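Pasting the structures here.
Each of the two complexes below includes subunit A, the first together with subunit B, the second together with subunit C.
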Partner chain A sequence: MLQTSPAAPQSAELPKPILQLVGIRKTFGAFTAVDTIDLDVREGEFLTIVGPSGSGKTTLLRMLAGMDTPSEGNITLHGQLINDVPPNKRPTCLVFQSLALFPHKSVGENIAFPLKVKGVDAAARKARALELMRVVRLPENYFDKNVMKCSGGERQRVALARALAYDPEVLFFDEPLSAIDYKLKKTLEKELKDLHRETGKTFIYITHSLEEAMVMSDRIGVMRAGRIVQIGTPEEIYGAPVDRFVCEFVGEVNTLKVKRGPDGAWQGVDVPGSFTLAPPRDGKTLDEAFVVVRPEFMRILGPGESADNQLEGVVYNEYSLGSRIQYQVRVGAKVMLVELSRGRPLPASADRKVTLGWDAADAFTLES
Partner chain B sequence: MGHKRTNAAIWTWTLFVLVAIYLPIVCGALASFNKSRYFGFPIKTYSTEWWQKTLDSIEIGMIVKTSISIALLVTVFSVVIATFGALAFARYEWKGRKLYQKLILLPIFFPQPVLGLAMLLGFNAVGIQTSWMTAVFAHMIWIVPVVTLVIAIQVYGFDPSLEEAAYDLGCSRTQVFREVTLPLLWPGIWSGMLFAFLLSWSNFPLSLYTTGADSTIPEWLYAKMVAGYTPMVPALGTMATLGAACLLLAGGLIGILLRRRAAA
Partner chain C sequence: MADLAIAPARDAAPEGAAQLRHARMLSVGARCALPVALLLGIGFLAPLVAIFGYAFATPRSFDVFTSFTLANFATLFDTTNTVWLSFFWSCGLALLTVAILAVVAYPIAYGLNLVFGRWSALISVFFVFPLFVSENVRLYGWVLFFIKNGVLDGTLKWLGLSGGPEVLYTPGITLFGMVYTYLPFMLFPMTLGLALVPRDLVDAARDLGAGRLFIWREIELPLAMPGILIGMLLTFVLAIGATAEAKILGGQSIIVISHDIEIAFTYSQNWPLGSALAVLVTFFIGALTLFALSKLDLDRMLGRR
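Now for the complex of A and B:
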């Protein structure tokens, strides 16, 4: 089911939808790649669709760009049905995962390509291409450079400038940053977000990396097995995941199985003890549930400290995550993760025994 | 030490292969400079007399013209058919593609004299008078599959998203082909053209059955060797080889220039 964030109902300030998907399905033979998606894309927003490989996000994007047609359902752009409008007649442009830069053309020729197709004269083409090169921060002397001799980051910029040269209303991105090294990726993510703000265009980005999505997006849609399981702002996805899948997709989490005891209190299934939990989402009554605690909300309790829920464990491993340190703590047969800021001493006894604790408000109670 | 020995072995082997390949050609060339009418080594007197006679011969002029006409037409038709054939072979998924991939290769494995005879019988059956034009058709039966393979190799190395990107950026189907597909397949098409020309230029078994009253260079050479040998045979043979070598060289040079321009 499509979940709409609480803020979503049409309030007056929200921009009107530019793209609307109603009941979109795509099947290949017996395989359903995209399974009944309803989605409103607001004009000017940066929407990221995130999901593991095989979740149908690329198929969804290809239908939006016009490279595939939906088996069922309607796609409308500004209220007009565009299901069968071919890509070259749509005011949209896709930045491919492979970037699809033309290897037989120079940087300038690649960027000016959509203008050449439109019949713009050579001088005007060059002027516009140089302008766009400034926008994406490519040096002017790259105009005649062979595009295959550019570095990965430079190619990203060429692909972006080429898409902008087409002047689309909506830009699609199919994981273009997946082959870029971490540091450059961070820079390009921020630049892309800046560019989104400067151009005011609608961006729809797909990726398997939620971290990437968090940095750039106004809204994130999480896809799984052809469906959008949750859509909302990065804060909503992070702070109120609808299920265990979304929760685990956000990052490493601690998951504990619990069930109601005879007295109605929550009892641990794979660790002993009873727990105080926040009520489940939507006020559902559950007999079994999963408690999910993010490693950064799990605390190691010092002497005199206490928390709503406590577990005894033994620290057996630690990893440096840069500014934080992750501790792996064995509680019975279960391994719990705790992340502390660097420099905070570990309040453990000599035999590395610790008391873990978390408060009910810092955990999610989710349907199993 | 071992490295040196490997190098020596590589050089010896290369030299041996080169000598084995070029010795017969050189012998043929030498034979054409023999003043005496009959073939035999050692050559007593050298002369360019037979080369002059070959160049002056009206009959040979016509034969060369026939060979060139056939080869050029075969090149043009084969490359057009094979380019689209290669796209069907290597690029697009369609029903029957697997069968097509096998069927297209079959003529290559068919013995050419049998293929030639079969075509002659076929032409007679439908009442077509054989001439150099029927030979164009016969050559294509064998050459189109070869050229399709050559161009298909280029198609396999082609990222289909490039065509999609061009289409997405506003190109019509024709513009996609002209701006992206054709330029990127060009190296393969170029090799295909050279192959088509050279395979047709030197083809004997298919020409023998399908040229009718006309004659190509290989046919003429064969006829003269069977009866009426003069050193004009090795002279024309050497000229044909040199012509083909020049074409190949020019083709290679153009290829290098194109690549250089692309890399600039």
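Now for the complex of A and C:
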């Protein structure tokens, strides 16, 4: 249904798919949670499925982990149909959103749990658990620590080590970092990325935060209402979004509605003026379109500067974003966002009037 | 709550008088607890004190608090006294009741949590409903069911079969009666215990390769244990004091310890002996309960500490 974005010239050396989804659907009564998904997961990749809550990403993950069976379609692992294989018979492992650590077991016992299932003897279990604790950067003396006494970050590491102890071919993550504070989350994201490289295993990560997805993933699939609307590298998702939904999901954007005038030029609908736009994706001819400009590509033009498209507005608000400052500029009834690096003076007149500008190549012309 | 009483005192400018008045008054919490404390003092502690006093009174007298003798205990500790047999019957039956109930109630508790779905509430009511009828009445109902030419025997004969088994007035039927009577007291703590097992953990264990039996042994049972142990403790304490089952269904084929106490107080009119026996049994059960509770660290089991 979706080609894997145009940039796939290295297809000859692409790893073969480990996990394949063909026409996967999941319905609960009249509600369709997952609507016809085709997806090839490459061996060893870090794939993130991102989408707002209710987009069906958790249902998709539960089917991959074996906790739900698809209503239609096939899931194959190494070419073998696994639709009805129960989770304990699949070489896959899920790190739960709640982490699902066993509260009555110590850190070491939690990590060694899958080994105990396999019947590994106690000494070997302990050795392997300590080894995994090193991998996830947990101190050795935590082996006997009550797992409920660990901090949020430490619990993440325990859950991760426990999943690795199962030695799965594919690891699933269901937003495990959602309850972690920002700074620790950044650290854990990077560690997870490192771990992915070190273990060489296939990671499938689910999140509602595209920011999280951008940091870690080789590929990102954006889900909406049970479908994958776009899948590609973080650069492709950021640089060539297929529609307004994907565009807006990446972050705050400026959206303008435009339509073709009698002379064939693009005319603004909510702001006056005519615009020069890049041709729409796939070379379609459109009568109506949306122009999407990211705040970081919107410029405030100084004297003598010009751009393909220009708008007059008034700055009425500014927010500090740390290294950047975001200005809210009122253009007619519309509010446009501009982000400038800190320290760059705002080229505005005394009454805070500014000229906004952007080049056609810096904006997306989207059908919907 | 205590802050409520203290806070105004802190604000008051002339500290001395106000503070003194507050210091003399009980805290809000203590004042709220006063009625219950009085009720417990009169209704619960007073009879215990009386029994304790009688236990050291002259045998076959009513000289409570005026005489002191250990003769009653000496009588009880005489090895030829049959109270020991009664005591072992009570303990044995109580242990068996707990063991049988643990096995019987677990599947029902599991069903109430995970299988019966929206029928759970209705099914729970069926288990609670018998409690609305007096225990004795229910036990006499079972007598009518099992008695010769009763419900079971009569129906079987009417169908042309060779009648029901003659189970009435045996230790076995006593045990049956106890299991029947105390089922709700095991079932509901157990149901609560099982409800405390997060389903995520079961899913996670399964995802990590564990089979049903392994999950049950390693995850479900240990996490449900607080509820199960409380159910066991509750039924044991109730069952060791049970008397109606042995009298009505067992037809006094065996004598249980609480029956012995009752005989001492009524038929033999030997209150001091009955009291001494009651004191011994109370101390035994109390010690056992405290020991069990000290071993049963609920917080640790639930992983809260």
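We take it that the second predicted complex is superposed on the first by the 362 of 368 C-alpha atoms of A that agree within 3 Å, B and C clash if a C-alpha of one lies under 4 Å from a C-alpha of the other, contacts with A are read in each partner's own complex, and residues count from 1 in each chain.
Basically, a residue touches a chain if its C-beta (ideal position, glycine included) is under 8 Å from a C-beta of that chain, and two chains touch if they have at least 3 such contacts.
Since we're looking at a predicted model, the values are computed, not measured.
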Subunit B and subunit C placed together on subunit A: clash or fit? clash
Query raised in the report: In the superposed arrangement, does A:Val117 touch subunit B (first), subunit C (second), both or neither?
Result: both
Just checking: does A:Lys353 make contact with subunit B only, subunit C only, both, or neither of them? Give me first, second, both or neither. neither
Problem set entry | Partner chain(s) touched by A:Met67 [first = subunit B, second = subunit C, both, neither] | both
### Query
Who does A:Ala100 touch here: subunit B (first), subunit C (second), both, or neither?
both
For this session: Check whether A:Lys284 is in contact with subunit B, with subunit C, with both or with neither, and answer first, second, both or neither.
Result: neither
Which partner does A:Val147 contact after superposing on A: first (subunit B), second (subunit C), both, neither?
second
The intersection of the subunit A residues contacting subunit B with those contacting subunit C is 65-67, 86-88, 92-94, 96, 98, 100, 102-104, 113-114, 116-118, 146, 162-163, 166
In the complex, the residues of subunit A that touch subunit C are 65-67, 86-88, 92-94, 96, 98, 100, 102-104, 113-114, 116-118, 146-149, 162-163, 166
In the complex, the residues of subunit C that touch subunit A are 198, 200-201, 203-211, 214, 218-219, 222-223, 301-305
Listed in rising order, the residues of subunit B that touch subunit A in the complex are 159, 161-162, 164-172, 175, 179-180, 183-184, 262-264
Within the complex, subunit B is touched by subunit A residues 65-67, 86-88, 92-94, 96-98, 100, 102-104, 113-114, 116-118, 144, 146, 162-163, 166
